[in-house]
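Presented below are the structures under discussion, each in the form of structure tokens.
Okay, so subunit A shows up in both of these, paired with subunit B first and subunit C after.
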Partner chain A sequence: MFAYIIRRTFAALLLILVVSAVTFAIFFLLPRIAGETSDQLAAQYIGKNPSPEAIAAVKKNLGFDQPLYSQYWNFLKGLVGGAEYKFGPDPVTCHVPCFGYSFKNHLEVWPELTKRIPVTLSLAIGAAVLWLVSGVTTGVISALKPRSIFDRLAMGVALAGVSLPVFFTGALLLTVFSYEWPILDNLQYVNFTDDPIMWARNLILPWISLAFLYSALYARLTRAGMLETMSEDYIRTARAKGLVERKVVTRHGLRAALTPVVTIFGMDLGLLLGGALITEQVFSLQGIGAFAVQAIADNDLPKILGVTLLAAFFIVVCNLVVDLLYALVDPRVRLS
Partner chain B sequence: MTELQNTTAPAAQTPAGDPFLSVRDLRIHFDTDDGLVRSVDGVSFDLHKGRTLGIVGESGSGKSVTSLGIMGLHRSKRARISGEIRLNGEDLIAAGPDRVRQLRGREMAMIFQDPLTAMHPYYTVGQQIVEAYRVHHPDATRKQARTRAIEMLDRVGIPQPDRRVDDYPHQFSGGMRQRAMIAMALVNDPSLLIADEPTTALDVTVQAQILDLIRDLQEEFGSAVIIITHDLGVVAELADDILVMYGGKCVERGPADTLFDAPEHPYTWGLLGSMPRLDRELQDRLVPVRGTPPSLINVPSGCAFHPRCPYAQLTGGRSTTEVPVLAEAVPGHHAACHLAAAERHRIFTEEIAPRL
Partner chain C sequence: MTAPIKTAGNEPGAPATVSPAKKIEGRSLGQIAWTRFKRDKIAVAGGVVVILLILLAVLAKPIEALFGLDPDALHQDPDILDANLGGLPIGNWGGMSWDHPLGVDPLQGRDLLSRAIEGSWVSLLVAFGATVLSNTIGTVLGVMAGYYGGWVDTVISRIMDVFLAFPLLLFAIAISTSLQGGAFGLHGLPLHIMVLIFVIGFFNWPYMGRIVRGQTLSLREREFVHAARSLGARGPFILFKELLPNLVGPILVYSTLLIPTNILFEAGLSFLGVGIQPPQASWGGMLNDAIKYYQVDPQYMVVPGLAIFLTVLAFNLLGDGLRDALDPKSN
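Up next, the complex of A and B:
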């Protein structure tokens, strides 16, 4: 088991490195392939109509004249050791971990990101709890009484859930609960540590609109899994022991049916932590997703690179956790 | 013992006292989209403690459904059950599902065909045996239950049981898994053990070991045992009595000795002909019963075996029109066939016996 953890962690680290190299290449190599010169790249960091001298200085100071691999190397060095840029009259310091420096806004990327992590984290975790509980419960009940009224109703709602986009359900919820019938108006993100009640109150609508989509998916997934496991031979064995049906369902059926759900859950959560683009946009939440949208709109490369790396990091970490959980759940994985 | 109570059998063959399990006219039908499936259609037998009943028949003859019905495991929205199942005098069909659940695993236990799929892959063998024990011993501590599990694993011949108790099913070999299943079934000292094709999924060499184990344990615990199989060879040495099923019905029932030496029913003759025997040449060993098993939705008229029976013409048309009743052919030995007893005996001795 220990060797397995080490192996998976090492693989995850390697994966992050590969992802960072690829992201770096995409943002710095592609413009060159597309014909953009390092002069043009540098020109983006100065005002309108820059002088050739200014461009040359920026190129040198920011290292655009160096070959790409050494630029990547400097980027990695910045991540672990920080970086210093000579830009303008005073040198600017980019503290560890240096995810890049936005010369457009004169801001370090990392503190900008960390400011937004709690928003996205609150959104994702809250929604995840909601959709896991509601989705799995609905799926289990549906599977235990297939073709019952509950099952038909739940699966009908689930079909609507997977078909309706978040920008529709989100806007609908906002219209009803913030404007028509304003019991949840004036929604602003409040830190959990400042006021947990306001935190929850102001996040409940985004949670619901995100969770609606996902719980629909999870209900269908759980239902299918439960229908399959409940017809397995070991369920009959569990009943033959004289176990009460509730334990047969939870300890034997659900336990096995949850394995694929956990796998998907890890991936979904990882993706969401990298920014719930649409939901954050609909509810004006200043999370990582909104940051990414802004960075792309501004064509601010260091920001885009930083947020991409962070998202990749979340996905890789969540998948690592899933892998480890999977081994914990299924001994056949761990012992083979 | 399989005699009905109203029949007289030689005194030597009738164990004293009431039977532990008594099944009367058991019918289990399933309401499906294709029609009513008559999986079990009027089966009766008695079984005393310390005795072994073999239920034999080809695939789809209703053997498993019979055993699941006794265990109360057939229950579903679409199952219709009627008749009587008396376990130690108590009617299980009339009893509520919770009462049957309490008896399940304690008074009656079951082992299944494929021990790999029958055990939960996510729990250790020990955890599964402990669970089976604690269902019916809620006051037992974890430690006591674990000690009991190790003791049972030891009893069924698993080496180093104190270590193997923490292994997962997939770490066991097929034969060991079936031993572990047996340990799990016997952990509460049930008085009735049902083994549904306990050796079909195993290697030939392991099969004999498992059957020996079941016999040893039965002698030790004195329980009543039902062995279900489609292979007469499996029950030849183990069973005291044999019940042959065809199309959900019992077509022949009697003591194992007489059933093997003087089988009464043409279907049993076919089964005996398909039984592999060591003293026979390989090529003419397996003479399967010609034709396909009957549909349980549109059961053939009259005797369900008539489309496959070589003697159906000898009954003056009764085979195709009239359902034969199970009647006593010789004392203690019943068969359901329209052929006259004398005719049957003549055919058997002249045509069948020489080929066996």
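Up next, the complex of A and C:
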């Protein structure tokens, strides 16, 4: 078990390293493909009409004249050891972990990111709780009474749910509950520690619009899984030995049917933690996603790189946690 | 003793036992699936809507020309837009009228019906293009990983892991933004469409790859593959002549289910302002514009929103129906 955890963690770390390297390469290669020279790249960091000397100095100090791999190496070194950039008259320090330094805003990327994490975390976790509870419950009830009125109704709603873009449901919810009947008006993110009630009140609409989409997906997934498991032989055995139906469903059926659901949940949550870009945009939440959109709009490379790395980190970690949970629950996983 | 048997066929009553109307014939898997599919009324309805939508998308330009619709024409007459209210459409439901059955957009007064029609071909072209791209990559690599196994499988599976660990949407946005200025000798709308197809298709292939790999793993050990191999067939022949025809079913089903996902993806990117650029009409772009007016002209966002919803729903219904029809396990 211990060896398995070490092996999986190591593989996850390697994966993050590869993702960061590819990210680095893409963002440094793409401007070149689009025809930008390293001079132009450097010129973006200086004011208007830069002199050739200034460009050369910036290029040297920021390392744009070095080959790609050594730039990447410097980036990695900054992550663990911090970095110092000789930019302008005063050198700037980027503290550990240095996710990069935005020369456009003269800000370190990491503190900017950590400021946004609580917003995205609140959004993602709240929505996840909602959709797991509603999606899985709906799926199980539907599967236990297939073709019943509840099943048909729930699956119809679920089909509509997976077909509605989240920016449309979000906008509709805003119109109805924030404007036409202003019971949830003036939505602004409030820290949980400052005022938990306002925190929840102002996040209800984003939670619902996200959770509606995902519950639909999870209800369909759970229903399909449950239908398949409940026709297995061991379910018949469990019933034959006189087990109460409630236990047959929860201990034997649901446990096996939830395996694919948990896998997908790990991926979905990881993706969302890296920024729920569209939902944050609709509800003007200043989370990681909004940060990313802004960074891309400003063409601020260090910020884009930092936020991508953080997002990849969340995805890999969530998948790792799911894998380890499996290993704890199901001994077969460790052997493969 | 042989006499009765010999005469059995000549007996007058014999032909009557086999009714000539109901001939028993062997049906191929495709025919079985087709009869199953036809029985599923909802799936058939989804299929019909999908065909109509494809026709609409293909014929969008001729339809616009025929009815004199211009998605970019501004209708800023004082009886259409209210200058006192900051250019809001006059009349109920976002300025619905005989001239503009779905109303006009605020400020510019462009006809929403024409823009919705114009948006259909952009949406479907991007979704189909991206689906073809990701399915081609996914199928080729998935079949190779599943069939050859060993280090080929390891390498391809690890590549898929890396792709799945990428924050897809972030990448799509970053790439489309940095190629916005022009690339591959393309500019404007053709460039945006190409970039969207590339970005969506190129990052979505691992999902198809995983499905095809799994299917190939189980097909590889089937008798007909062994038979082909013992007859001296080589790798590429087995891959493309023996395995691929058996994978058409799942590929078709997941393509139909991938198209709606890609439509949502394209709409999402255009909604974030990095997909199709205005003034070209696209459903996501219309929603991007409409959300600014959610308080004063909420009808505006209903038009592109419903267009996306109905299209995606139709493809999902068709895909679900095809999956049920092609999968003998499901009911």
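Throughout what follows, the second predicted complex is superposed on the first by the 331 of 336 C-alpha atoms of A that agree within 3 Å, B and C clash if a C-alpha of one lies under 4 Å from a C-alpha of the other, contacts with A are read in each partner's own complex, and residues count from 1 in each chain.
Here is the rule we use: a contact is a pair of C-beta atoms (placed from the backbone, for glycine too) under 8 Å apart; a residue touches a chain by one contact, two chains touch by 3 or more.
Predicted model, so just to flag it, every value in this text is computed and none were measured.
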Simultaneous placement of subunit C and subunit B on subunit A, clash or fit: fit
A:120 touches, of subunit B and subunit C: first, second, both or neither? neither
First (subunit B), second (subunit C), both or neither touched by A:171: second
Included angle at subunit A between vectors to subunit C and subunit B, based on C-alpha centres and rounded to the nearest 10 degrees: 70
Partner chain(s) touched by A:20 [first = subunit B, second = subunit C, both, neither]: neither
Partner chain(s) touched by A:236 [first = subunit B, second = subunit C, both, neither]: first
Contacts of A:279 with subunit B and subunit C, given as first, second, both or neither: neither
Which superposed partner A:296 touches (first subunit B, second subunit C, both, neither): second
Touching partner for A:255 - first (subunit B), second (subunit C), both, neither: first
Which partner reaches more residues of subunit A (counting touched residues only), subunit B or subunit C: C
Partner chain(s) touched by A:308 [first = subunit B, second = subunit C, both, neither]: second
Minimum C-alpha spacing, chains overlaid - subunit B and subunit C, in Å: 12
Subunit A residues contacted in one complex by subunit B, in the other by subunit C: none
Complex interface listing, subunit B residues touching subunit A: 71, 73, 101-106, 109-110, 112, 114, 117-122, 124, 131-132, 135-136, 168, 170-171, 181, 184-185
Parts of subunit A lying in touch with subunit B, wherever the complex brings them together: 232-234, 236-244, 251-252, 255-256, 329-332, 335
In the complex, subunit C residues that touch subunit A: 161-162, 164-171, 173-175, 177-179, 181-183, 260, 264, 267-268, 271-272, 274, 287, 290-291, 294-295, 298, 301, 304-305, 308-309, 312-313, 316-317, 320
Residues of subunit A defined as touching subunit C within the complex: 15-16, 18-19, 22-23, 26-27, 30-31, 33-34, 159-160, 162-168, 171-172, 174-175, 179-180, 267, 271, 274-275, 277-278, 281-282, 292-293, 296-297, 299, 304, 307-308, 311-312, 315-316, 319
